[in-house]
Structures are given as C-alpha cells and as structure tokens.
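Multiple structures follow.
Two complexes are shown next, each including chain A; its partner changes from chain B in the first to chain C in the second.
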Partner chain A sequence: MKAGFTWLLSGLALAVMQPAIAQGGNMSLPKTVEAGNAFSVQCSGNGKAALYLIGPEQVLRRDVQLGHATFFPAGSVYNAGHYLVVLIGDSSTESGSFDVIPARKPTDLSFLARPSRLPVGLHDGITGAVYVYDAYQNLITAPMQVSFELSNPSGAVQKRLVATRDGAAWTVMDSTAQQGTDKFVARIGEISSTRVVAQVPGDPCGLKMSAKQSGQGIELVTDPVRDCNGNAVPDGTIVTFTEAFSGGQSTVDVPLKRGIAQVQLADHNGATISVASGVVMGNQIRWKE
Partner chain B sequence: MSKGPLLASVLGGATVALVVIGTMWPVPSAVAYAGGGRLLSSTSTPEEAVTKLGDEIRTQSWEKAYASLANKAEFTEPEFVHDLTGYYPSLLTYTTLDKFEVRPLHSSADNAEIELKLYWATVVGDSVSTRDLHVVRNGDHWESAWPIVKEPTVPPQVIAVNYLRWDVIYRGPGDDWGAQDVEAPHLRIVDMHPLERADGVVILGELLNEDVVPAYVSVTATLVSKNQLPIATEGSFDKISHLLLPKQVTPFLIKFPGVSLSDVGSVRMTPLSALIAASADPVIEIGNEELHPAPGASLTGQLINQSGQIVNVAHVLGTFYDKSGQVVWVADQYVNQALLPQIPVPFEIHVPEDLARNISTQRTVVATYSFGGSQ
Partner chain C sequence: MLRSSVVLCVVFAAISSIGHAQATVRVEPANLQGPRPMPEQTQTAVIRDYLQSWQSFSAAFEQNRTDLLDSDFTGTARDKLAQAIQQQAELGISTRYQDRAHDLQIVFYSPDGLSIELIDKVEYDVQVLEHGRVKTTQHLNSRYIIVITPAEVRWRVRVFQADPE
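Showing the complex of A and B:
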C-alpha cells in the first residue's frame, strides 16, 4: 500500500516536470525542413548528450556535444510529416518538434486513367486523376498546374489545365468519333506520365445483308459492318441470321470475318430472313415466294 | 440379476449370424446392385430378356450384353458399346446407367416390341434416351435385337479455320500501380423480370455483351423484401451461356425455391464479367427449330456444326417470348452426343405446359465445349 502510493506520487511529479523541461529547453530547431534538405540543430550547454529525431517511418540518433550545432546532411530526413526531437543529457531531457514538408519540385506522377477501353463518341467517358510526388514519394500538397492531353491517331487533341488540390488533380474527357488507340498524357513541367486508352467502335449501324442462291441453300452475306460513326466493327462480333419459314426457324450466330458475316442456310420458299447484332436489327429479306 | 448382458449377447450373436448368412447366401438383387452378378437370369419372357439386357448395360457387362443380342452379327461389340457411350468423347463417355425402365409395346407368340428407357447419370444431371427393341423367341428363351445407330462418319479432310481468337495479357507485378489493367468486358442486362411458379420465384432475363472482346459472364440476383431486407441471393449456375462473344446475347434463369413473389419488394441484379481467352470458332447452326404446343410442349431442332472442330458437349438454351416480346421462360438441354462437322444432331427442350400457350416466338443459343480445346 505504501509502495503503491510512492509510485503514484512519482508519476505525478514526472508528468508535471516533463512538459516544463520541454518548454524551457535550449534546443534551437528549424520550424520546417524541406524533405531531403540539409539542416542543423543547435543545443546549448556543456557536456555530451544523445539527440533523437523520431518521424514517420524514420528514427535517427546522434551523439552530440552540447554547445555545438549538430549537422544533418542532405537526404538525412526525407519522409514528410511531424518529427519529434528529444535531447537526453546526463542530467536533463529536452524535447521539441519540427515539420518536414514535401520537396517543391515534382519528380513523379501517379496517373490513373479509366477506362482503358470504351466505345467512340461517349461524352465524359474518360477520367484521369493525377497524384504528384517529390523525389522521396511524398505527396506534394502545394497547388500545381497539371496539363492533361488526350490525342488520337488522327491528330485530334483535347487539352485541360487543372490545378492540384491536396496533391491531386483530375479531369474528364470525351471519347472521339474515330476508333483507335489514344494517348492520354498528364504533365507537370518536364514530368509526364502516359496511358493508353482504346476507343473501340460502337454498336453496328445500318446492318444490311443480301441473299443469293448457292447450290441447295441460300447464301447470306452482310455488307461491311460499321458503327454510326463509320468505324468498322471488329472481327469476331456476332451477327445473328434467322430464317423463319412455315412451321419452323433456323438460327445461326456468325462472327464477323474480314468485316462481314457470311453463312449458308437451307432453302425454304417464302422464308423471312432477318439479321441482327446484339440489340440492333438489320434488314429483312423475303425469300422468293 | 440383470438381464441386460444376456440380451446384449443374444442381439450381438444374431447380428453376426445375419451378416454371415447375408455374405454366404446373398439375395440376387443385392449381388446385382453390388455389380457382382445378375439381377434377373431368366429370359423366358420378352420383358425379362430386355430387363436382363438393361442390367448388363447398367453393370457395364458389355460382353454379356452383346452376346445376348439376337442381331449381333450385324455389328461388332465395340460398335455396340460406342452406340451406347458415344463414338467420340461426349457427355455419355464418363457416365453410368443409373436406372432403366421397360415398357411392352406389342407382343405376339414369337415377336415383341419393348421400349427400353435408359436414365444415364451424367455430370450435368440425368440424360434420358429411349430405344425400341424388337425381341424374338429363340427356342425356350427370348433375345433382344439391338437397334444399332451407327454414327455417321466424316470423310478425312483438312478444314481451314481462320476465325478470330482472343488472348488476354494482364498487368504484371512490375507495372506502376497507376497503370491500367485490361478492362473487364461491358455487359448489359437487356431484359429481366420475376415470375412466380409453384416451387418459388424465378428471375428470367437476357444479358448482352456490348463490348468488342469475349466475356466470361454470370449473373446473381438478390431478392429484397418490402422493408428493404435481403431475402435470398442466388446465381444462374448453368442456366446461362457463360461465354459471350462480342454483341452476343444469352438468356438466364435464376431460381429462388420456396419464395413467394408477394414477399418481394425489389430485385437487385449483379452481372459479373471477366476477360477470357476464346475463339470465335466453332459456329453452330440451329436448324429446323419447331415449337410444339401442349401437351408435351417442346422446342425441337437440330444442331449443325459448321466448323471443323469436334464439339464434345453442346448446351442448348432456349428463350421463349410472348406476343409482346417479353421473355416468358428459359429452358435448356445438354446434347449427349458429340457434334461432328456438318452432321445434324437433334435436340428437344421441354417447356412447362402452363406457359406453352403464351409462347409466340423463341430464340436459341448454343454453348459448346471441346475437350482439350479452347472453349
């Protein structure tokens, strides 16, 4: 019981004394340090002590001679954040703090562009977001102008200039009317990052087929299949031919090959033949009645 | 003195005695079902002859089954086995006969017609095939004549196939974290509505791959009650064609057994898509599709493989629409024989009788699987 009371009193005394020492210390600290820059800490007094710098993911210890400046060369402290400095001498302990801020010069951009593939002619279909980092991968929160540029193979360019806020900037772009592989570039000064956005044809438009007799069957061939912007719909796209005749029906899903779909179906007099791709209907043919 | 130990001894002794008797003199049905002998050895009637043949097929006693046939001179034993299990690897290749039914159709003093209905246990459920057997008297016993169906053969040839094939390369571990991965295919549910059936709620609909790349697709639905609490979540399982080429449409059907539609406030649909390496080959024509009204409402037709690749398993999915174009039912059938190039193979999809009268049109799609192939 008596021992417990003694411990409690000692704890209370330390709690009162520690801030008093910290506030009345004789360490001279910079208020802020740019990440990676050199700086020094001046400690007054005599004798030797240990100086600790405790920051985000980083702890440094230096044996110091009190009364002299302790020098930290460039690259010693590089993680942005709040650092605690503790000086432990033979008879006293002092503490203070300073902030390490990101370097002003950006050296790296993280650029997220979505989606990587989309149909042509989509308003606000492409988004780009940039995060700006210094050489030590600290997010630079000071505002900066980011240039976004989306260019397609035909030479059409969309540009946006956006200021970063809290280290990030973002924009939206339209997909163009022409299919192709677009380059999406985010740039700050000489630093840039490039992404590729594939603009692919949209739904088939004006799907049209023709029919002709071929041996015992009917040969059905589509015209070259294009979307509403005139882009060739890619090979492999499914085109469905349906032949409805008295009491029955035949269907076949044919992939486009070299831009057209082609199939041979059985010859049924009076059959109605239709063509479709996805939810897009094409023309209808009434076979020789 | 307690009688417990005495009773235990008597029961123990009786059990041992019964085990010994059962082992030494087993009943014929037990031997047959254990695969060790005949269930029925007599062939003194047409039904008995066909039942014996069915037992031999079930136990895969091919030699005995073939030896018992009246018309074995018309084909070899391997042809007989292939007629039952398929000439090419198919759904029946890795299956066993679960049970069979024998039904007399006609009989006279020396001839009889018997229907043999075979229930094959396959990986996708029961597959039923029916054979009408001509049974003839031979002295004091009857013999079945097997109605052999010889598989059409495809003449040796080289078929050039140059359809598109897609492969996928995903982002690697060395890529910048901001670098995009290849985009998952974009899907769209083009139709969906719930339907109340006797055994629960069914969600029917259609899914479109609106992208320019092939997609592996599936869809799940969550029924939400009127007070916004989830009732159940179910997936389409195999009532969907999982591989969709660009602009291809598949029907789907999701069952919620034991749920009443009156309890459902809303339905939350979750389509899932992933990129998949695929080939635009093979192309399957669905020919001579016919809707048969009730009774026995069904959709029949034939599949014609227009490519050079042998399709080992074909899954036919039928979407049935009413006059307004709304989906009223989705049904499917696995075809239990391989699709050879240009050889028509029939299929039959059954439709519930009560819905059949509402059906005006239909659309059929085929999902194909080739052993060792790309799909």
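Showing the complex of A and C:
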C-alpha cells in the first residue's frame, strides 16, 4: 500500500515536472559508451545541478555547472549496462539514458573443461565451454573467434575454431589414443586459458594368460595387460582368475604388478581356468585332461 | 476543472500501474547452442529462480541492503550489484525497480550442465528517490543477458547485464 502510494505520488510528480524539464533545457548524452572510456554529458541552462548516473551496476553523482560539459574521465564508468541519467536542479529534474557496452578487448576467459580425467579413445568425450570477459568483468557479447586446442605429449593436436554467441562458445573433442596429460587451451588473440585433462588407459584388451605346472599347483601368468590402443593398464588394476573343477570353483583377485598378474592355483585335473578384468573376459584354459 | 481532470487521469494511470504489480512473463522456445538437451524441469526451475531474483534485486536496491542479494546472486553479478547499492547509499539515494514484463529465451546450456545463458527482453520502471523523495520515474525496455549457475538448492544469477541489441 505504501509502495503503491509512492508510485502514485511519483506519477503526479512526473506530471508536474514535465513543463519544468522543457523550460530547463536538455541534456546531450552519448547513445553508447564503451566500458572504461571517457565521455561527457552536456547540460544546457544556467546555475548548478546534481547529475546522477544510475544503473544496477554502478551509481555516480557529479555536481555540475549547467551550460558546461561534464567530463567523465576514462575508467570512471566501467560496468556494462543501461544507465539512467538524472539531472536535478533547483527547480527541475531531467532524465535520459544511455548504454555502456563491454570493452572490445577480451582480457579474461572463463573456461570450463570436463572431465578432468577420462579413458583414451573416447569419441566426443571432452567438452569445453568459455565465457569471454573484458577487463571490467563485463561479458563481451559481440561475436569473437575462440580457438580450442587439445594437445597430448606425443604432439597430436585437435583444433576447433568457434564463434561466440552472446559471449559464450563451446566445443567437444575426442580423447586421444595415447595415455598422458593433455593440455586443453581456449584462446582469443593473446588471451588464453589452459586446463589439464588426464587421459588414462581404457579397459584391458586381448587379455591373455598362460599356465604351467609349478610343484603341486598351477602357475598362471598374464601377458602384459594393455588397452585396445596399446597403453599399459596401470598397476593395481584387478585381474580375476577363476578355476572351475568337478565339485567346486575357486576365484582369486590379483592386482596387476609391473603390468602383469600372476597367481598359483591348486592342481585339479580337467579344470577350466578363465581370466577377466572388470567386464573384460580373457582366454580360457582346459588343464591337463 | 480541466486541471482536476488531468490530475484524475494521472491518478488513474498510477493506480492502473499499481494494479499490475505482477510482471507478465513470456517464455520463447529455447534457441539452444550446445550439445546438451534442456530438460523441462530444469527450464522451469531456471526461469522460476531468475524471476525470483528480480524480487530480491528490487528489494535490495529499494532498501539499500546488499544482503538481500545473497540468495539469488553470486560471483560478478552479486559483486557489481552490491557495489552499486553501496554507491547509491553513500549518495543518499535509493532506486525502486519494478519489472512489468519479461520476454525470456534460453540460448545456451553448457555441455557440463553448469551454466545456462538466457536473454530477457524486460520492461520495467525505475524510480529514483533522494532521501526518500521521488525524483523521477522512468519506464525502460532493456535486453538483459543472464548467466545462471546451480547452487546448493537453486539457480543463482552470475551475470546480469543489460546489453543493447
């Protein structure tokens, strides 16, 4: 109710002010100003007044001499937005508005790359998105070309050139075939932002074991375990050996050590021995029948 | 007599505007860039939280209280708005922002799902009050670029920037 009454009063005040504005002269405002640039506001008339620049992003006041230009030096208005200009004199109030647009030069990229760790050889596995800002943290909405570059230690590079739309750009990349630490760079001109993407070996591929007699038992040992791109699967990865024989079954989980897994199982004539790692099955051996 | 009629017209216009305190909202079909589809629930939540942010923005600027921004704004947007509130408080003024109409369109959903950009062609009134007295009222139309990011239980505005087309 109170707010409503204020709106009502303001409507009345505005109605009363209009003739005063017409008599009090007018303001000459720029239509747009680039963030951080100098500009001036010309207020015609005589006497003194207070000039307000009012926006949700920044508020300023200057005491002005009517009839003279009021100069706003570089760096005084730096937040992009729509500004209301209010000139309050002894007997009149005058209003106008102008826009402050982001500076043209980008100085900051907000770059988010996902994920930070993934298996090799994944199609469209890596995404990157950037928002482009000027020196005052205004989002630069004018289109700009962003270069995305994913490079791995072997020198392989994937490159994409993407235009920003409303200050944002994105891309997707494949993870490469070789394990290692890749650099994912987003760049506009001299400004760049780098993220690190760890590419780890994928699931074991072509898991193969061999068996031999060892005293009273069977010694099982895998070939060096690698993924489908030939990267060594890291030590610690669990390999499961299963021996099925008449009347029972035994299972042993063994971590990879120096790239291979080995274990000794009891000797059961006619047993079927299999090897697996996660969901990947290896070969099967029929023992001494 | 003529003068009374003019005053009555102004009063009627003012009362009419008070009667429409609830802003009208129009949501355009999303014009998404990005590989990620936008679930309807997410879109609903984003728009709900964004419109809510106008309420706290308006209250914060009217009362010169930066703490009212905390629930709906974060990062750069929060910092810039808080700075403007401090500046107007130091100058002895306050501003009353009343949104009248929103025409919203979601334009970007980042591949990681951690940010959404939308455009709001907003129609609003601004009242400037100096030491509690209304100095001017302006009706404005602006195109706002909004970047909104997820917080614990809601979406918060990270970029809140008027942008001339």
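Just so it is clear, the second predicted complex is superposed on the first by the 261 of 289 C-alpha atoms of A that agree within 3 Å, B and C clash if a C-alpha of one lies under 4 Å from a C-alpha of the other, contacts with A are read in each partner's own complex, and residues count from 1 in each chain.
One rule holds for everything that comes next: a residue touches a chain if its C-beta (ideal position, glycine included) is under 8 Å from a C-beta of that chain, and two chains touch if they have at least 3 such contacts.
Every value quoted in this text rests on a predicted model; they were computed, and no experiment measured them.
When the two complexes are overlaid on their common chain A, residue A:79 makes contact with chain C while staying clear of chain B. In the overlay built on the shared chain, the residue A:93 is in contact with chain C alone; chain B does not reach it. In the superposed model, A:112 makes contact with both chain B and chain C.
Once chain A of one complex is fitted onto chain A of the other, the partner contacts of A:238 are limited to chain B, with no touch recorded for chain C. Of the two partner chains, chain C is the only one touched by A:61; chain B is not. Once the two structures are overlaid, the count of chain A residues touched is higher for C than for its counterpart among chain B and chain C.
After overlaying the two complexes on the shared chain, residue contacts for A:266 are found with chain B alone; chain C is out of touch.
After overlaying the two complexes on the shared chain, residue contacts for A:139 are found with chain C alone; chain B is out of touch.
Using the contact criterion defined above for the overlaid structures, shared-chain residue A:246 touches neither chain B nor chain C, since it reaches no partner.
Within chain A, the residues touched by chain B in the first complex and by chain C in the second are 112, 114, 131.
The touching residues of chain A, when paired with chain C in their complex, are 3-4, 6-15, 17, 32, 52, 54-61, 79-82, 84, 86, 88, 93, 95, 97, 99, 101-102, 112, 114, 124, 127-129, 131, 137-139, 141, 165-168, 170, 172.
Taken together, the chain C residues at the contact with chain A in this complex read 6-7, 10-11, 13-15, 17-18, 33-35, 57, 61, 76, 80-81, 83-84, 87-88, 91, 93, 95-98, 107-108, 110-112, 114-115, 117, 119, 126-130, 134-138, 140, 142, 145, 147, 159-164. Note for the complex: chain B touches chain A at residues 162-164, 166, 176-183, 190, 208-214, 245-249, 280, 283-290, 301, 306, 362-365. Residues of chain A that touch chain B in their complex: 110-118, 131, 193, 195-196, 200-201, 203-204, 233-239, 242, 247-255, 257, 263, 265-266, 277-280.
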